Amino acid sequence: MENLIALLVGAPLLGAAVLLCGGRRLDKVGHWVGTLLAAASFAIGLALFADMLGKSADDRALHQRLYTWIPVEGFQADIAFQLDQLSMTFVLLISGVGTLIHVYSIGYMEHDERRRRFFGYLNLFVAAMLLLVLADNYLLLYFGWEGVGLASYLLIGFWQHKPSAATAAKKAFLVNRVGDMGLSIAIMIMFTTFGTFTFGPVLAATGEASEGTLTAIGLMLLLAACGKSAQVPLQSWLGDAMEGPTPVSALIHAATMVTAGVYLIVRSADIFNAAPDAQTVVVVVGAVTLLFGAIVGCAKDDIKKALAGSTMSQIGYMILAAGLGPIGYVFAIMHLVTHGFFKAGLFLGAGSVMHGMNDEVDMRRYGGLRKYMPVTFVTFGLGYLAIIGFPGLSGFFSKDMIIEAAFAKGGTQGWILGSVTLLGAAITAYYMTRVMLMTFFGEKRWQADAEGHEPHPHESPKSMTIPMILLAFGSVFAGGIFGVGDRFVHWLEPVTGYAHGHPPISAAAVTSATVAVMVIGVGLAYLQYGRRPVPVVAPRGSLLTRAARRDLLQDDFNHAVFVRGGTHLTRSLVYVDHSLVDGVVNGTAASVGGLSGRLRKLQNGYARSYAVSMFGGTAVLIAATLLMRAV
Amino acid sequence: MSAELAAYATSGGEAFQFWVLGTVAVAGALGTILMRRAVHSALCLAGTMIILAVFYLANGAYFLGIVQIVVYTGAIMMLFLFVVMLVGVTAADSLKETLKGQRWWAAACGLGFGILLAGGIGNASLTEFVGLGAANSAHGGNVEGLAALIFTKYVFAFEMTGALLITAAVGAMVLTHRERTERARTQRELAEQRVREGKHVPPLPAPGVYARHNAVDIPGLLPDGTPSELTVMQTLRKRGQVRDVSAEALADLKALEQRSEERLGRDRDEEEATR
Amino acid sequence: MSEINAGFPLLTVTAAVPAVGAILTAAVPAARRTAAKWLALLVSLATLVLAAVVFVRFEPGGDRYQLTESHAWIKDFGVRYELGVDGIGVALIALTALLIPFIVLAGWHDADPLETSSKRWRPTQGFFALILMVEAMVILSFEATDVFLFYVLFEAMLIPMYFLIGGFGDRAHAGSDENAAAQRSYAAVKFLLYNLVGGLIMLAAVIGLYVVAGNFSLTEIAEARANGTLDMATNTERLLFLGFFFAFAVKAPLWPLHTWLPNAMGEATAPVAVLITAVVDKVGTFAMLRFCLGLFPEASQWATPAIIVLALISIVYGALVAVGQRDIKRLVAYASISHFGFIVLGIFAMTSQGQSGATLYMVNHGISTAALMLVAGFLISRRGSRLIADYGGVQKVAPVLAGTFLIGGLATLSLPGLAPFVSEFLVLVGTYARYPVAGVIATTGIVLAALYTLVLYQRTMTGPVKEEVRSLPDLRARELAVAVPLIAVLIFLGVFPKPLTDVVNPAVRHTMSDVQQTDPQPAIQTVEAAK
Amino acid sequence: MNPVNYLYLAALLFTIGAAGVLIRRNAIVVFMCVELMLNACNLAFVAFSRMHGNLDGQIIAFFTMVVAAAEVVVGLAIIVSVFRARHSASVDDASLMKL
C-alpha cells in the first residue's frame, strides 16, 4: 500500500504538468483532466484510509522512500513520505475539498479564457499541499511549503491584468517568505543540533537537546506558521489575497493552505512540549490573532474580506489550541477539519452570490438574496450556523473543545485564554450574523454597475451548487462524527499525544457559556443589522470601526515602516553604490588621469629634452650598478 | 714606436705625448660643442679624431689608427662637411638656449655622469697590464691578427655589418631621392604661371653689378635707394653674404640732396635778395 | 600527477575544439553569415558532447585529479602545460559547455548588420568566434593545474570579453547612438581595468609563489605543503593569499569590487551578459576553491572572518540595490552580486555542505541566470528598451514569454524544486553550522531575492497592457529552443541533483582535507545520523 | 704613466660629446657629438685591448666604426631630407613627438 503514497502527490502533479505545458490544444478538456486527477488523488486517499482503518492504532503509519534528494557529505535529504493519521486527515481534507472545489470551478471559471491554466495551478497547489503534509522530513516539508506559496502566488494573481491582484500576489509571497525564513532557520538549527531533519529522529531526540535550542526551533517554526497561516504579525497578506478567484479563496485561503501552520506546530509537538516558552508565545499569537481577525471581520463590507477576517480568527483558535500542548493538539486539528468544511462552504456560497451579482463584493449592495438563490442561501446558512457554534453542528463541537482546553490550561493563564476564546466566539457570532443579514435578508440594495448592467441575481449552475451542498453536509455532520465518543481523539492520539484537560469549571458550564455568548453575539448583530435597514454607503463609524476597516492600521504600519523605509533604504543604497563605491573607483581613475595629464607635460616633443632624461637615467643606472657592487 | 713599446711600456715619451695631445683632443672636443658655426665644429672634431688615431697607434692598434685617419677623418668627416655645405651654412647657430632648464640639466647630468664614470674606472681593479705584443705577433702582426679574428670568430658579425652597410647605402639613397611626381614644366608654362600669379612678370632684376660694383653679392637699389633682395641670388641670401650697400648709397643720395638743396637755397636767397 | 597520461588528451581536445572552431568561424567569408552561425552552434554542440564524455569518464571514487596531461612548456621557470580535473572542474566544464550553445542560439541575431546603417556593419563572424574563444579559455582554465597556465588564461580571456562587451552592445538603449557607444566603451574599459588590476596583483602573487615554492604546479606545491617539505612564513602566505584572492574577488565579484558588473551586464547584449556572469565569473569563485584554499590553507582560515563579512554584505547589499534598479539587466546583475556572495560564503564556511553547496551554486546560478537573462533579452529585443517602466502587462500578450521569465525568476529566488534551492540551502546550512549569526543574516537574502524578482515580474508582466507592448510577439521557435531546455535542466537538477553531487562530493572532501577542516558535529547523535 | 689614463680621457670625451648632444640644436652638430661619443668608446676599447692583451677589443672598435659609418650615411640623409621639407636643421623644430 505504501507505494501508493507517491501517487497521491503524483496524480495532481501530472495534471499540473500536462495542463501547464499542454498548450491551447487542451483548452477544451483541461478542466476535466484537472478535476479527474484531483479526484484520483482523493480516491487513492480513500483507499489508503480504508487500509489504515484496518490496522491497529499504533501500526498505522506508512513510509515510502523514493530516492535521496540531496546527498552531500553529512547531509542527507530524502524524497520520502510518511503517512500517519495526522497526514491522512489532511490528505482527505485536501484532496476531498480540493476535488469539490475543482468541480465548483468548472462552473465558476466557465467564461474565463484561461480556465485551463487555472486548473493547472489548482492541481499544482493540491500536489504541493499533499507533499507538505506527506513529507517525512522538514526539508521536503519546506519544499511543499514553498510550493503552496507559489501556487497561492499564481492563483491570487490569476487575474494579473488587475494591478491590485498582482500586488496582492506579490505581497502574499513576500510575507510568506518572511515566514519561510523562519522555517529554514529552524531546519538549520535542527541540522546543527541533531545532524538530521527527518521527523522521526529529530522528534525522538528532543529530550536530549537543551531547552534553549528547542525554544529557538519552536519560535522559528512559529514564525513560519505565522507567515503561512496569516497570524499576527504576518497576517496582512490574507485580506488582500481575496483578489484571487473565489474558489482559490475557498481552497487555499480558507480550508487548506492557511492551516499549514497549524499542521507544522502539531507535527512538531514534541519540540513545543519541551519548550514551554515557545508554547506561551504560540498561545499569545493565537489569542491575539483570534481577536484581531474577529474585529477586522466585523468592519469589512467586502464579503470575502469579512470571511478572510473570520478565517484569520478561526486559525487563531487553532494556533491557540496547538499552543496548549497535548490537551489542545487534537482539537486544533479537529477545528481545522470542520473549519475546512464550513469555511470552504461559506466561501463557495460567497462566490455563488458574486457569480449572480456581476462580481459585486460589497455586502451593502446585496440584501434579500435568499429569494433569488435558495440553494446558496441554505448552504451558506448551514455554514453560518456551523461557524458560530450552533449546538449540534460541527463548529460547536470543535470550538467548544478548544474553549474547554483553554480554560484547562490552568491558573490565570487559563482564565485569560478562556475568556479570550469566549469573547472571540461572541464576536464570531456577531460578524457572521452581520454577513448573513446583510447578504440574504432585508431589502434589495443592488444597483447598476459602472457600465449600466443591472445585476440579475440567479442561482448558480449545478456544478457549483453540488459542491456547496456536499460541503454543507460536512459542516453539519463532521463535528458530530468526530466529537461524539471522542472518535477523533482516539484517531489522532498515537501521533500527537493527548492529555485530557480539566477546566476549573465544569465542562457543561463552559458549553453553556459558549452558547450564551453566541446568542448575545447574534442578538447584537440582529439589533444592528436586522431591525434597521442597512445603509448603502458605509457610515463613518467609530474610531475602532474605521481602524478595523483598515485592518487595524497594520497595513499602514507596514507601509510606513517596511515599504517606505525599504524604498528609502534601497534608493540610498543605489545612490551609495553609484556615488560612493563607484565614486571611489572613478575618483581614483580621475586623479590618475589628472596626474597623467601633468606628467604628459614632460613630453614636450623636444628630442633634446628626452635625451636629457635618457642621459640622466643612464647616470642613475650606473650609480645603481656601482652601489650594488659596493654593497 | 716599436711593438715593444706599445705593448708593455708607458714610456716617458708616451706619457708626454698623452698629456700634450690629450689636452688638444679635449680642447677639440670642447670646440666641437662650443663653436657657433657648424664648419668650425666639424674641423675641431676632425682634429680630435686625428689625435685619437695617434692614440690608437700608441696603443698598438695600428690598423685601427690608419682606418681612423682614412675612413673617419678622411671620409666621414668630409661627408659631414658636404652636408654642412648643403644645408648648414645658414650662418651661425644661435647659442642661446630656448628650452627652460635644459642647460642646467645637461650640465648636472654630464657632470654626474662623468664623475660616476671616472669613479667606476677608478673603482675597477685595472692593475694588470698585459700589453699587445703577444697578441699582435701571434699571427705575424696586428693586421693579420685582426684578420684572423674577423674571418673566424667574428665572421658572422662581419657579414652582418656588410649587409648593414649596403642597407644604409640604399637607405640613404631612398631618403634623399626625390621622386618627380609630375612632368617638368616647360619655360613657357613657367612664364604663363608667372603671368597668372602676377608677380615678377619680367625676369628677376640683376644685382647692382652695373651700378657701382662688379660683384653679384651687391643688391641693386630701388629708386628710393633701398636695396632689393630680389637682385641677389638665393644661396648668398641664405648664407647672409649679401653686402649691404644701401647705407652708403643713401648717404650718397643724402649728400646729393644736401648739395642740391644748398644750391637751390642759394638761388632762392638770391631771388629774394633781388626782389 | 607527475606521470603522463599516455592516453587520449581528452581535456586538451575539449578546449581545443572551441578554439579551432573560433578560428574557423572567424574565417568564414563575410557574406556567409548564416554559415558562421551554424558552424559556431555545431562547434559548441561538439564541445558539449566532449564535456559529456569528460563527465562520464570522470570516476568520482578515483584520484583527485583525473584525465591528467602534463608537458613541459617554459622549462627555465618550471612552467608546465599541466591539465587535470577534479569534480568541481568537471561540474563547471559541464556548465560552460552546456550554456554556450544556448548563448550562441540566443545571440543568433545580435550581431547582424543593422539595416538602417549599413556602414556600421558589425562582424557577425567575430561575435561568434569570440564567444567560442571565451569558451575555450574558460574550459582550459577549469582544467589547468599549473598556476602559471591558469594565470595566463585568466588574463587572456579578458581580451575576447572586452571586445564582446565593447563591440557588440545592446541595441536597446535609452538615448542617442553616440551616448550608447560611450556608455558601452565605458563599461568595456571598466571591465578591463578592474580585471587587469586584479590580474596584476595576482601576477605579483604568482611570481611570489614561484620564488617561494620554486615551481608552478598546483599538485606539487599542495603536496609539498601537506607533507611539510614546503614551509611558508605566515606573513608570506597571507600576502600571497591576498594577492590571489583579490583577483578572484574582482572577478567573482565581491563587494566592494563589484561595480564593473552592472555596467558590463547592462551594456552588453543579453547573451554576452550571460557569458560574463554565468561562465567567466565562475572562474573567480572556482579559483578561490582550487587555488586560495588549495595553496594557502592557513591563510584562508586567517582571512575567513573578513571574507565572510564581505560575502554577507554582498548578499544583502546586492539584493537591496537590485530592488532599486530601473534597468532590467542591471537588476539581474545586482542579483548576481548577491548570489556570488552566497557562493563565496559557502566556500569560506569551510564545511562540506557549504562547499558542495557553493559548487552546485556556481552551476545552478549559471543556468538560472541564463534562463532569466536570455528570456529578458528576448523581451528587451522586442520592445527595444531596458527600462522596467517601459513594460507592463506583457503576460497578457506573450504568456509563454512571461511564463519562462517567471520560472527564471523563481529559480533566482531559489524556489524549492528548481536547482538553485538545493545549493542555496546547502550553503545556508553549511554556514549556519559554523557561523550561526552569518547563517541567519544570509537567510534574509531569500526574502530580498523574492522582493526584487517579484517586483520585476509584477512591473513588467502584470497589470494593464501598455500601448507599446500590445503588439509584442510571443517566443519564437529559436527562443523556445533556448528557454525550454534550460528550464528542464533547472527542474531536473532541482529534484535530482545526485549526478552533480556525486562528482562534487569527493572533490569537496579533498578540499576540506586541504584546509584541514572537519565538519562541526551535531550536538546530539540521533539514530539516523549514527547510521 | 698608467694606461688607465686613456680610459679617463675616453670618459671625458664621451661626457663632452653627450653634453653637446644635449646643448646643441643644429642637427649636424648633434650628430658630430654622437660621433665624438663613439670615438671615445673606441678609444676605451683600444685601451682595454691593450690591457688584456687580446685583439677582441680592437675588433669591436672596428665594428663600431663600420656601424658609425652606416649611421652617418643614413643620419645625414635624414637630415638632408628633413632640411628639404622644413628648411631647417634645428632639432627643436621637429617637436611633433608629443600628444
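Note that the chains are named A, B, C and D in the order they appear, and that numbering of residues resets to 1 at the start of each chain.
By definition in this document, contacts are C-beta pairs under 8 Å (C-beta built on N, C-alpha and C of every residue); 3 or more make two chains touch, one makes a residue touch a chain.
Just so it is clear, the model here is predicted, and its values are computed rather than measured.
S.K.: Walk from subunit C over to subunit D along touching chains and report the minimum step count.
M.R.: Graph distance in the chain contact network comes out at 2.
S.K.: Following contacts chain by chain, what is the lowest number of steps it takes to reach subunit D starting at subunit A?
M.R.: Shortest path length, in steps: 1.
S.K.: I want to compare two interfaces, A-B and A-C. Which one has more contacting C-beta pairs?
M.R.: More C-beta contacts join the chains of A-C.
S.K.: Using mean C-alpha positions as chain centres, tell me how far subunit A is from subunit B in Å, no decimals.
M.R.: 102
S.K.: Would you kindly tell me how far, in whole Å, the mean C-alpha position of subunit C lies from that of subunit B?
M.R.: The computed centroid separation for subunit B versus subunit C comes out at 69 Å.
S.K.: Indicate the whole-number Å distance between the mean C-alpha point of subunit A and the mean C-alpha point of subunit C.
M.R.: Distance between chain centres, rounded to whole Å: 36 Å.
S.K.: From the mean C-alpha coordinate of subunit B to that of subunit D, what's the distance rounded to whole Å?
M.R.: Measuring from centre to centre gives 16 Å for this pair.
S.K.: Which residue numbers or ranges of subunit B touch two or more of the other chains?
M.R.: Expected reply: 99, 102, 105-106, 109-110, 113, 117.
S.K.: Two or more other chains in contact with one residue: find those residues in subunit C.
M.R.: Nothing qualifies.
S.K.: Give the residues of subunit D that touch two or more other chains, as numbers and ranges in rising order.
M.R.: Residue numbers touching two or more other chains: 18, 22-23, 25, 92.
S.K.: Going by the touch rule stated at the top, which chains touch which?
M.R.: Final set of chain pairs in contact is A-B, A-C, A-D, B-D.
S.K.: Considering the complex alone, what residue numbers of subunit A touch subunit B?
M.R.: 604, 606, 608-609, 612, 615-616, 618-619, 622-623, 626, 629-630
S.K.: Within their complex, state which residues of subunit B touch subunit A.
M.R.: 99, 102, 105-106, 109-110, 112-113, 116-117, 119-120, 123
S.K.: Can you list the residues on subunit C that touch subunit A in the complex?
M.R.: For this pair, the touching residues of subunit C are 193-194, 255-256, 258-259, 317, 320-321, 323-325, 352-353, 356-357, 393, 395-396, 403, 410, 415-417, 421-422, 425-426, 428-429, 432-433, 436, 439-440, 443-444, 446-447, 450-451, 454-455, 457-458, 461-465, 495-498, 501-502, 505, 508-509, 512, 519-529.
S.K.: Which bits of subunit D are touching subunit B when the two form their complex?
M.R.: Touch residues, subunit D against subunit B: 1-9, 11-20, 22-26, 28-29, 31-33, 35-36, 39, 42-43, 46-47, 49-56, 58-59, 61-63, 65-74, 76-81, 83-84, 89, 92.
S.K.: Can you list the subunit B residues touching subunit D in their complex?
M.R.: Within the complex, subunit B touches subunit D at residues 6-7, 10, 14-15, 18, 22, 25-26, 29-30, 32-33, 38, 41-42, 45, 48-49, 52, 55-56, 59-61, 63-64, 67-68, 71-72, 75-76, 79-80, 83-84, 86-88, 90, 93, 97-99, 102-103, 105-107, 109-110, 113-114, 117-118, 121, 126, 128-136, 142, 145-146, 149-150, 154, 157-158, 161, 164-165, 167-169, 171-173, 175-176, 178.
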